[in-house]
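Shared chain: subunit A. Partners: subunit B in the first complex, subunit C in the second.
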Partner chain A sequence: MAISRRKFLNMLTIGSTACLALLSPITSWAAWASDAFNATSPDDAYKNLFGSTDTVDSDEVKLKVPKIAENGGAVPVSVKTDLKDVESITIFVKDNPQPLTATFQISAKTIPDISTRIRLAQTSTVTAVIKAGGKLYSKSQEVKVTIGGCGG
Partner chain B sequence: MKVKAKSKNNITSVRVLAKHPMETGRRINKESGEKIPAKYIQELTCEHDGNVVFVAQFGTSVSKNPYLAFSFEGGKKGDALQIRWNDNTGDVAKVEAKIK
Partner chain C sequence: MNRREFNKLLAAGTVAGIFPKTSLALSSKPVDYTVPNKGNARLLHITDCHAQLNPIYFREPNVNMGIHDAIGRIPHIVGKAFLKKNNILENSLESHAFTYLNFDSEAKDYGKVGGFAHLSTLIKSLRSAAGDKSNSLLLDGGDTWQGSATAYWTRGDDMVQAANLLGVDVMTGHWEFTYQDEEVFTNVDNFKGEFLAQNIKLTEDALFEGKRAHNEDTGHVFKPYSIKEMNGHRVAIIGQAFPYTPVANPKRFIPDWSFGIQNEDLQELVDTIKADESPDAIIVLSHNGMDVDLKLASVVTGIDFILGGHTHDGVPIPVTVKNSGGQTVVTNAGSNGKFVGVLDLNLEKGNVKSYDYKLLPVFSNFIKPDPEMSALIEKIRKPHLETLNEELTVTESLLYRRGNFNGTFDQLICDALRHELDAEISLSPGFRWGTTVLAGEPITFENVMDQTCITYPETYARNMFGKEIKSILEDVADNLFHPDPFYQQGGDMVRVGGMNYFCDPTAPSGQRISNMTLDNGKAVEPNKHYKVAGWAIVGSKAPGIPIWDVVANYLRGQKSINISKINSPKLINVANNPGIVL
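Presenting the complex of A and B:
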């Protein structure tokens, strides 16, 4: 089998990645919000992550997610806001076995506008929560799923 | 992991496609009937010029081969970005990408 130039470069990258992985200690582990991610109800996840379930429904939170998702395995989601002093953006899927899907820390330089793809086990409400100036703002939308994304 | 970063009007937009199975731990291997152990990215960070500009924490309901788009202020053409993820089994991947 001939090795193409591109493949060779890829191999180099993989090799150096492995070396770097050995050199750098895993420091960020403790920061992963395990209690919140392992929570099985949205309220528990809220409490573990924010210390409160007090959210204000707000149109300032711009959640973009399809109304109907054919494939629950990859549902595109975008969240953005014009709110000031944004600290974090978090996505919850209410009816997933573990509702907390992803949380993004927004620094002073990060623009509060993110996109990703998420899984939905079944038709569910997707909620985006934005923490700004110490307050929690949220926006929800229902997504209908034809094929679940967490099936076995 | 594929990373594309572009700078325009002093704003750098970054798109990341991480290659990862994102196993939830709930899927069952149809042949053996055993559960496939969980393996998913827990944290993905992006560094620019020694500063962490973005941190994402994932649970199991992020799609396989996670896609992520975000942007931050600053960053010039030719600057380097360091992107790194670690998963629940301790695997780590790191890439450096140049801003275009």
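Presenting the complex of A and C:
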């Protein structure tokens, strides 16, 4: 039997309570990463989270984010990679008051492919950092937040 | 089309159905619009007609700058440099069609351009020259349902009727999406051709709520592509809508739809079409704008032609762009019904063997209007004629808009805003549509509507800090002059009244605007309030009356209009840019 996408999504909501329980261990980890989340410069956030600011710019990090945001308050972003031994995927918004926006711990045998929405205070570089095999790989893109209008 | 071919057109004899209504001032020869088919499939391309059912005047820009890599690159060449680049004679019919040179006097000689009844005759003739009906397609790049009073009053329906009668087979859109989403669907349903867009998807929330989609699995709101059988060959047409509609225009009318260039999706789609559909040619019908299309052609492989619009560039010679998979040919077909692109393809199995492209200017005086289309236009306009034909005042100046900075009609709108709303400074959007009024002619209410009619016409007057005004100017300048075309939106600079400034298009974002002063010479200070009037804000509905009423009220009180001062910026670092003649 074919299930339409809508039906499938509805089924997912019904299952969402169970998902929440699975996600709860992250909260204890977040407390540990609070220094990184509270950092006000990208370098401080990197140091707090990774202990280093050395990342290698890599096309292996597939970052998908709009070039011009349709709504700066909820910008869809997705990051995936074919890199092996991925430990985490982290998103930074350089010019946000607190640049570290989200970090996802990727357990073994999990496909490293995440999507979320982020908030941009203003036009900024968005960087995805993937920690894999103990090394940091990154990809950046400018995302413009504009007042809009005046297009012809 | 090259000069020789065009001259041949001029020299050739009259053809049935197409003959001059009046004689040419500079040539006694009638124009022959016969274009023999040079391939086995013919694509006709119109774009950005902006709902101009009747013939109009449209002046091409004298400022259309390319910055960074785009300096001097097509389409950023104007005037005599344009003529030289395209091998066009000065003072020729072609020169009048493609440039602003001697516009006022030549417009009087050559008459108006476009008009759906004239387009209809021309398109019928071009299609019949292609032989069997299946040998040709008529593609419309969009901006068809907006730009005239009747389109606004009928919510685009008059243009759907006209496009159906014209025989449009495929279209995509931009200003189409400035009606409410439900109205867009009604128009799409009434449209007899196919409405395509690979880059409009439902947002995840809307998908979840079960909002209308072409395909629930992919999220496409409209069909992304279509395969057309042409003379025994298979031609894939992909629709590419204007990528920044929810940014450049109000998102509130189309809250469930997400746009973007989506070049990765496009590449995937092209690869899938190649694998599954055995196409002999892949065409993208695009509303990206020329600079975006040129970059798109360099990063996406497997497309044979991108037939483009949005930036209103009349480009007589297509641009061939190399990419890692071969090459893609990019065109742009002007605006306002002024041109018809004729692309003859010589197709073989899985391949375009050769092609021939012409961009035909549509000089209405040399084409007999199609009676059926004339009757439809008359029927559409009849209930509104009295309003449309009201003569508000007369103009002593040529009134036009198109160009990177203030045109004379923009200045008139800015002057009206300041006068009627009692403001020190006025702002008006840098749209690229809006028709031209010749010096000495009356300004009708219809002329005002041609320049202003949008679905968010409300005006405002409020206090703004000097630094807020600067940040608006910087923001729009970045949309126009960003070094990467994928970050540009394809409009022109916001127009200003009562204020002057310097602009360095080559400077980084946020540093292009300086030396802002009021008309009285006083500096605009960052932390001081100024009363600013404007219209067309996209975020929310403004409180004031529609802009056309503001302008009409102003004009009714003027004995005549003479635009002596234009608040265009002083430009820095643009010496030797062939995209400017001042």
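As a convention for this text, the second predicted complex is superposed on the first by the 115 of 152 C-alpha atoms of A that agree within 3 Å, B and C clash if a C-alpha of one lies under 4 Å from a C-alpha of the other, contacts with A are read in each partner's own complex, and residues count from 1 in each chain.
FYI, a residue touches a chain if its C-beta (ideal position, glycine included) is under 8 Å from a C-beta of that chain, and two chains touch if they have at least 3 such contacts.
Here the structure is a predicted model, which is why all the values come from computation and not from measurement.
Novice: Under the stated touch criterion, name the partner, subunit B or subunit C, that contacts more residues in subunit A.
Specialist: Touching more residues of subunit A than the other partner does is B.
Novice: Just to be sure I read the superposition right, which of the two partners does A:146 touch: subunit B = first, subunit C = second, or both, or neither?
Specialist: second
Novice: After lining up the shared chain so the two structures overlap, which partner does A:110 touch, if you call subunit B first and subunit C second: first, second, both or neither?
Specialist: First partner only.
Novice: Applying the document's definition of touch, where does A:98 land relative to subunit B and subunit C: first, second, both, or neither?
Specialist: It touches subunit B, and subunit C stays clear.
Novice: A:56 in the overlay: touching subunit B, subunit C, both, or neither? Say first, second, both or neither.
Specialist: Neither: A:56 stays clear of subunit B and subunit C.
Novice: What is the shared patch of subunit A, the residues that subunit B and subunit C both contact?
Specialist: Dual-contact residues (subunit A): 149-152.
Novice: Hey, which residues of subunit A end up touching subunit C in the complex?
Specialist: For subunit A paired with subunit C, touching residues are 4-6, 9-10, 64, 66-71, 76, 123, 142, 144, 146-152.
Novice: If we count contacts the way the header does, which residues on subunit C are in touch with subunit A in the complex?
Specialist: 207-208, 210, 216-217, 219, 242, 244, 246-249, 251, 258-261, 264, 310, 312, 429-433, 471-472, 475-476, 478-479, 482, 484, 486-487, 489-494, 509, 536-539
Novice: Which stretch or stretches of subunit B touch subunit A in the complex?
Specialist: Residues of subunit B touching subunit A: 11, 24, 26-28, 42-43, 45, 51-64, 66-74, 84, 86, 90-95.
Novice: Please name which positions on subunit A make contact with subunit B in the complex.
Specialist: These residues of subunit A touch subunit B: 13, 17, 20-21, 24, 26, 28-29, 31-33, 37, 73-75, 93, 96-98, 100-105, 107, 109-111, 113-121, 149-152.
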